[in-house]
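Each chain carries a letter (A, B, C and D) given by its place in the written order, and its residues are counted from 1.
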C-alpha cells in the first residue's frame, strides 16, 4: 500500500556546525544519505552491509538537489522524511524533506540513486531486484500527495 | 573582464572513499564548498576568516543541485572549475563543474549562496558590498559560454 | 554516588567506512567526542548548545590517546562507555571504551578536556562550576574499577 | 640516510571548524592520517591507491596519542611533520608534530600503524616488504633528535 513515509531523526552535533553555530551544509546533505541508509537497513529488508560487503552491489548517487529552507542550530533535532517519487528499471528517485520537530522547514531534496554492480570498481547499473522494488513501492507518493 | 574561471584541485583521500573505493558523494558536495572557500580566500580579496570571524558575516547555502557524471577513485585528483551565473542584491549563483585531469567529467553543480549577517545566530541577508560584486563579476559566464 | 557509566551507541555508517569496509579510524575518534557531547546533553544537565552558544564556553581537547583493539564493520553498532578518571580545577580526564554489542573490544581511550572561556577566540581555562563537578563526580571510577 | 622529515601543509577549512571558530579536534586527528597518506603517495613510492585497491593491503591504526598544544583558527595553515620512531616486522611507529608556519605548536602525536592483508575484511598483519622498509628508514629519527 503506497503512501508510507520513512522517518530518520538526527541531532545536529557540535562537529557538524560551522563557526556560526549552524549546520555546515554538506553535513545536511550527508544526512540525506543517512536517511537512505537507515531506510534500507530498517525498512526495506536489504541492509547496506549485506548489499555492499557481501554482494558488492551499491546505490551510487546520480543526482541530489537540495533547497535549504531554514537554519539548523547546534543540538537541534532534524526530522528527515523520505518518500519515493519514481521507481525505474535500476534507479529510484526520492523526495526527502527535513524539518524541526515543531514543523519549521529545514530542507527539501530530490535525490536519484541507481542500483549498481560495484565488484570491479566501475559502477555498472543492475536492474533492481523485484522484492526490493516491492518493498520500495510501499513508500511511493500517492496521488493525493504528488 | 568577465569570463575568468576559478580552479581548485583536490585529491580524493582515503577517508573520503566509501567501501567501494570511490568517493562518498557528500564529500564531493563538500568539495563544492571548498571551491567557494578557496575562491574567496585567493581570488576575491575577502577571505572566509575575515568575513566569518572578524565581521560575523557569511555566505550560507540557499541551494545546491549536483549531477554526478562519473566515479572518482581513491587518489584521483578532481579539478573543480567555478564560474558565476548571476549576481543579485545579496545572493550569487555559481556554476561549478568537476572533472578528472584528463577531462572525464565528475559532476556538474548549480549552487546559490547568500551574503548574510550571522552576528546573532539567525542569518539575515545583507547586500553584497560593491567591491566584492566587482571581484565576482570577473568570473561571470560570458555570452559565448552561457 | 560514584561508579556510574555513561553509554552511547553509534551505528557505523557507510560514509564512516574506508575502502576496506571497516571504520576509518578518525571517525572512531570523532565518536569519542560524540560520547562526551551526549554525556553533557543528557546526563550532566549542562548541554553543549547552552555552554557553547549562550555562554561562549567550551571543553576543548587537551589530549586523546586511543588504542584500537579490533575492527568495526559497516553496520556494526559500537557501544561507547564513559567514566571519569579525575576531576581537576578546570580539566577532567575520561576513560572511554568502545565494544561491540557482544563484548568484543573496539578501542580504549584516555581523553582530557578543559573547561574554557571561548568568547574571544583564544581559549582561556575557567574553573569548572561546582554543580557541573558534582554531576561529573557520579561517573568517577570507584576504587574497585580503578 | 636517516633523519629526513616528511612535511604536509593543510589549511584549516571552514567545515573543519567548530562553533568557536577553531579546529574541531577530530579533524586535526584526521590530518594525522592525511600526513601518512601523503607520505606514502609522494615519498615512499607505494601509494595508498595501489596498496588498497590493487593489492587489498592496508595500514590500519594500532594506536594514536595526541597532545593538543595550541588552537588552530579558520584559515590557518597547519604544517605537519612526520618522522619514523621504530620499524618492526609489520608495524611502524611515527612521531608526527604540527605547528603554525611561525612555529607555534599545534599538536604532538605518536601513531602506530600495521601493515595488513585486508582482502577478506578481517585485517591480518603482514610483514612489511623490504623495499618499503628501506624507503621508510630514510625517515628514522637519528640519535641527535631521539
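Everything that follows uses one rule, which is that a contact is a pair of C-beta atoms (placed from the backbone, for glycine too) under 8 Å apart; a residue touches a chain by one contact, two chains touch by 3 or more.
The structure presented is a predicted model; accordingly, all values stated were derived computationally and were not measured.
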item	value
Interface numbering overlap (same over half, different under half) for chain A and chain D	same
Option in A-D, B-D or B-C whose residue-number contact pairs overlap A-C by over half	B-D
From chain A, the most remote chain by mean C-alpha position	D
Inter-chain centre distance, chain B versus chain D - centres from mean C-alpha coordinates, in Å	29
Whole-Å separation of chain centres (CA-atom averages), chain A against chain D	34
Gap in Å, rounded to a whole number, between the CA centres of chain B and chain A	24
Chain D: positions in contact with at least two other chains	14-15, 18-21, 24, 26-27, 30, 33, 52-53, 73-74, 121
Chain D-facing residues of chain B, complex	11, 13-15, 21, 30, 33-34, 37, 41, 47-49, 52-53, 73-75
Interface residues, chain D side, partner chain A - complex	14-15, 17-21, 24, 26-27, 53, 74, 121
Of all residues in chain A, those that touch chain B in their complex	18-22, 24-27, 29-30, 32-33, 52-53, 56, 58, 60-68, 71, 73, 118, 121-123
